[in-house]
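Got some structures for you, see below.
Next come two complexes, and both contain chain A; in the first it sits with chain B, in the second with chain C.
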Partner chain A sequence: MTDTATLTGPTGPRPKKALSPRNIMLYGTLIVVSLYYLLPLYVMIVTSLKGMPEIRLGNIFSPPVEVTFQPWVKAWAEACTGINCDGLSRGFWNSVRILIPSVLVSVSIASITGYVLSMWRFKGSEIFFAILLLGAFIPYQVLLYPVVIVLRELGLYGSLTGLVVVHTIFGMPINVLLFRNYFVTLPEELFKAARVDGAGFWRIFVFIILPMSLPIFVVSMIIQVTGIWNDFLFGVVYTRPENYPMTVQLNNIVNSVQGVQEYNVNMAATLLTGLVPLTVYFFSGKLFVRGIAAGAVKG
Partner chain B sequence: MTKNSVEIRNLDLSFGAVKVLQNLDLDIHDGEFLVLLGSSGCGKSTLLNCIAGLLEVTGGQIFIKGHNVTWKEPNERGIGMVFQSYALYPQMTVRGNLSFGLKNARMPKPEIEERVKRASEILQIEPLLDRKPGALSGGQRQRVAIGRALVRDVDVFLFDEPLSNLDAKLRADLRVELKRLHEQLDNTMIYVTHDQVEAMTLADRIAIMKDGKIMQLDSPAEIYNRPRNLYVAGFIGSPAMNFIEGNIAGNTFTSGDLSVPVGDYDYMSGGAHDGAAILGVRPEHVLTDDMLPSADMTAKVKADLVEPMGADTLVWTTLEGHPFRFRMDGQAHVKSGDEITIGFNLARISLFDPKTEDRL
Partner chain C sequence: MSSAEHAPAGPDKRPIRLFRNLWSKIAAIPMILVSVGIFVGGTIWTIVYSFTDSGLLPRLNWVGLEQYERLWSTRRWLVSIENLAVFGIASLILTFALGFLLAALLDRKIRFEDTFRTILLYPFALSFIVTGLVWQWILNPEFGVQSIVRGLGFESFTFDPLYDSSKVMIGLLIAGLWQGTGLIMVILLAGLRGIDEDIWKASRVDGIPAWKTYVVIIIPMLKPVFITALVLVTSGIVKLYDLVVAMTSGGPGISSEVPAKFVYDTLFTRQNLGQGFAASTMMLVTVAIILIPWALLQFRGKKND
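Let's turn to the complex of A and B:
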């Protein structure tokens, strides 16, 4: 009797219904939210592939009848800003030339500062850290003009070097915080063991700390890459037109008041500009989440 | 130059206003296994970190092998250290872990290999050399950590609760291995623990610490049999020593109806004592049944609670209003409510001054 009872009664994992109210709510919300965010992207892509006559018909959601890549080519190589008519490519390469040194320098300095503040505390290091953090709360606009003066005095105003310096400095608070909080979570005994083993400041950093800190380096890089790539304010204030980063140039193309508004070119230009941060997120999203989670737990 | 391997003179250490170590003096002999024992927060690990050079002292001096190392970096002191969490470098192989210190010292490659080979033979970790610490068990990791101290060929080994992260069985095994290692190497070893079994079994001498001071520094037997003060008496031994408050008058200790002749007691400071006193007797030194004839005095108690533990039986009772525990043979037939006659030997009791808490 007991045998049949066990056989007929519930056994194994409970069957899951695909269309339970919980799932409907969950996936319904997710789908609606995704649509909300993806729709504009769809409109942009579709519009950028249409010719101007087709756009004038006003059906912004309809797919292009005749696919053309001409707007992309124009945005990249022919669109005019001011007297230059070589498209966004100039801005792109300017941005690259700003981005690479800025990211490398700021991440290096921030990681070393974080390393000092977590492992080689000195008298007043806590106060130093507090002041540094305060920097994260000061609106950039307040500092715009003072920084102009400082750069002018240094002879860096208008140059790419000046902009790299500005990006490095303004990236410090958040990145130092990130690195310090991550390094604090590394076991202190490891650091002690390395000291007993005779490793100095740099050897401990390079051979012990660095190999354990890949996630936080990725996070810091992503923050810096997207932040610096997307920066408009510093770019427009601290450089001359021939050094304008891509964002500034994009603005100049889209907001130009002369002639016809070429929506397809504008959309293509915007997509081109957003491509770099998008790619970065795409390829390092997992590491990013891991690093953020690891750095955020302990303060 | 000296027979002492490590000498600590007037050591002070404070974190801000908190004084962790105060005016501490300690001599550790060459080849000695010294255990620093105390409950958490007593400053034992702090003292070890000071010896290692990982903490800067506030005052005083530290000598290792006759050299004043007070201002020296950890790696210049001739010490090797083993940590509770093993602190192995996770991204290096076992070989990398063992040779990291030697590489830092710019030692030639053949010699590094020679030393790694020797250490891994001693610790039997040769098959593990190319693994990473993540692929090792707790016991293996701790062995690698010991190896890291071993390859550096140091004079003094420092252990900071090295067995606390291991399970009970492994801890017992590694304890024996450590003892064997010490006999094999003959190095000076300083070992921090809060586990009195580790302390009693491993140590040549134990330093019992409390609030940054050394309460007693003696051989395990001396600490067990003649604790210098109430704290040490209560700290060492499990279950803890029984204490009975009373009075000594005319060579007799009295507490209520209990009277113990203490005329033959071996006083620390020579002369007999009159006045308030605390009598301490260890649960395992209480005599029962056929041992009673050899007792110097006897008393009757009623068992409140009986804990049979196999090898022996622990009986909880009260004696003159003081909680009192004693151990009986594991085969003894007792149950709660039984009346038992107990006795103890004068040679096995301790007397303390209730005011100073020092041994009389």
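Let's turn to the complex of A and C:
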């Protein structure tokens, strides 16, 4: 009887006290830091919901006394850049029109290139890959003008198509690396068996590789969606003002010198621009982190 | 589909080498065009034209090192370089210190790890334009931090980095750190997770305090992760552009100009191509100085394996 009692007694390490000094330090630090990180988001939200008189009187951290959505409406539909006063919606739709083809084209090309580099290597393919990876470190400023010339020669300078080409080019290093590193981990036997059965380049890609690689496609798309949406430099350099993406238009609205600054409208516009990548981020969770890790740790 | 290599063909039917697996070669064309045509070709083009007197349009009229001499006697360029150095060193030290501290805290088997990580990383999902504009608002001297602290009774409190040319880089740094620390934290956390649990057990058995284990054992073990992150962050810092445009537009005066902005302005608004090419070549040289030792290190490391 006593034997079984000792045997069935509490096992495992002694439970730790929840409120040890160590835990208070640990969680205290993390909570303070987290609050600091959340502060700008909070400030954006409360500022965008206040009227201008309230902003002039109160402080930026205080919650709105009277909630108004007018700044959001104005930012979306009425804010001016230059002579155009149709708000940020124009930039939003430009960004969408840039984003969708850019993501589709760049992810397709990067995945096929990664597939070639992992399963259909040929003499010299590794050298091109090495150059491609080194290309990721070239400051964009070095290539800005040569790419202008290429686009002009192709008749694409200033157009949305041109920008799609640019995003595909500059998204290649990281995404090809991502796909190649993933594809080389797939079992080689599968590939060999398919070839013995007579499947060719595209059949193997579409029917064997694709179904096994959906997560990595999602990771690549996350990288591209946030990267392309957040791009500013390429938008400014390679598109005409009527095609400016949202980031460029946002900057022009907020930093324009004419007129009285409407901080609530500015913050609503800023939030609107940040909304797409934030949504992607909050919904993708671990895959977003995986995208970063893929680029960083293996690079 | 049909041209892919099938089961071994007879020796007499063997196709020419170049056309074997034709599709794989066609599929590699974008990579070849981008790597050779754009990356190598574009870089060489820019370097070559930096030795010419190209103005509004590129032209091959050699002037030797004149563009570089002019560049290094331009005050705006010198300020840009100095700003980049200050910003770069300060943000490297601080992002790594903070990033590692946060990674170590998150690695202590805490509850709500996912929540904390999500909060600390979300700024990284935002663009530099959004980041710059929010912090411009928070640091606004009339409404932001300064006015709030003054409102608390400290009438003479002054903190308006964006309007003070001696402190403007601090303002940029605050925003840059907010945006970028999460990235380093995540990379280092991935590195920490890769460390064998037994090492922790062994150090605990020997009675070594946690902080000492980090300094003496863990950090040296993470050296490859640190170096890779360092290269990544540094080549990102050299590109610093959008944040400056959104927060200060290079002001007050020229006190927050950076090389990437110098290049853009010189190429596209002042249309002095030769100067722009020389400046961007200098940026490339900077990256090369950082990159080459790293590449050699990686290469040597692989040989030793």
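Keep in mind that, in the parts below, the second predicted complex is superposed on the first by the 268 of 299 C-alpha atoms of A that agree within 3 Å, B and C clash if a C-alpha of one lies under 4 Å from a C-alpha of the other, contacts with A are read in each partner's own complex, and residues count from 1 in each chain.
The rule we apply is simple: a contact is a pair of C-beta atoms (placed from the backbone, for glycine too) under 8 Å apart; a residue touches a chain by one contact, two chains touch by 3 or more.
In this text the structure is predicted, and so the values were computed from the model without any measurement.
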item	value
Partner chain(s) touched by A:P53 [first = chain B, second = chain C, both, neither]	neither
Partner chain(s) touched by A:P211 [first = chain B, second = chain C, both, neither]	first
Partner chain in contact with A:N266 - chain B first, chain C second, else both or neither	second
Which of chain B and chain C A:R203 touches, first, second, both or neither	both
Contacts of A:K192 with chain B and chain C, given as first, second, both or neither	first
Partner chain(s) touched by A:P21 [first = chain B, second = chain C, both, neither]	neither
Of chain C and chain B, partner touching more chain A residues	C
Where chain A meets both chain C and chain B, residue numbers	195-196, 198-200, 203
Residue ranges of chain B touching chain A (in the complex, touch as defined)	49, 52-54, 73-75, 79-81, 83-85, 87-92, 100-101, 104-105, 148, 152
Residue ranges of chain A touching chain B (in the complex, touch as defined)	187, 189-190, 192-200, 203, 207-208, 211-212
Contacting residues of chain C [partner chain A, same complex]	1-7, 21, 23-25, 27-28, 30-32, 34-43, 45-46, 58, 102, 105-106, 108, 110, 114, 116-131, 133-138, 140, 143-144, 147-148, 151, 178, 182-183, 186-187, 190-191, 225, 228-229, 231-232, 235, 238-239, 241-242, 245-246, 249, 259-260, 263-264, 267-268, 273, 276-277, 279-281, 283-284, 287, 291
Parts of chain A lying in touch with chain C, wherever the complex brings them together	26-27, 29-30, 33-34, 37-41, 43-44, 47, 55-56, 59-61, 109, 112-113, 115-117, 120, 122, 125, 128-129, 131-132, 134-147, 149-150, 168-169, 172, 176, 195-196, 198-203, 226, 229-233, 236-237, 247, 250-251, 254-255, 263, 266-267, 270, 273-274, 277-278, 280-282, 285, 288-289, 292-293, 295-297, 299
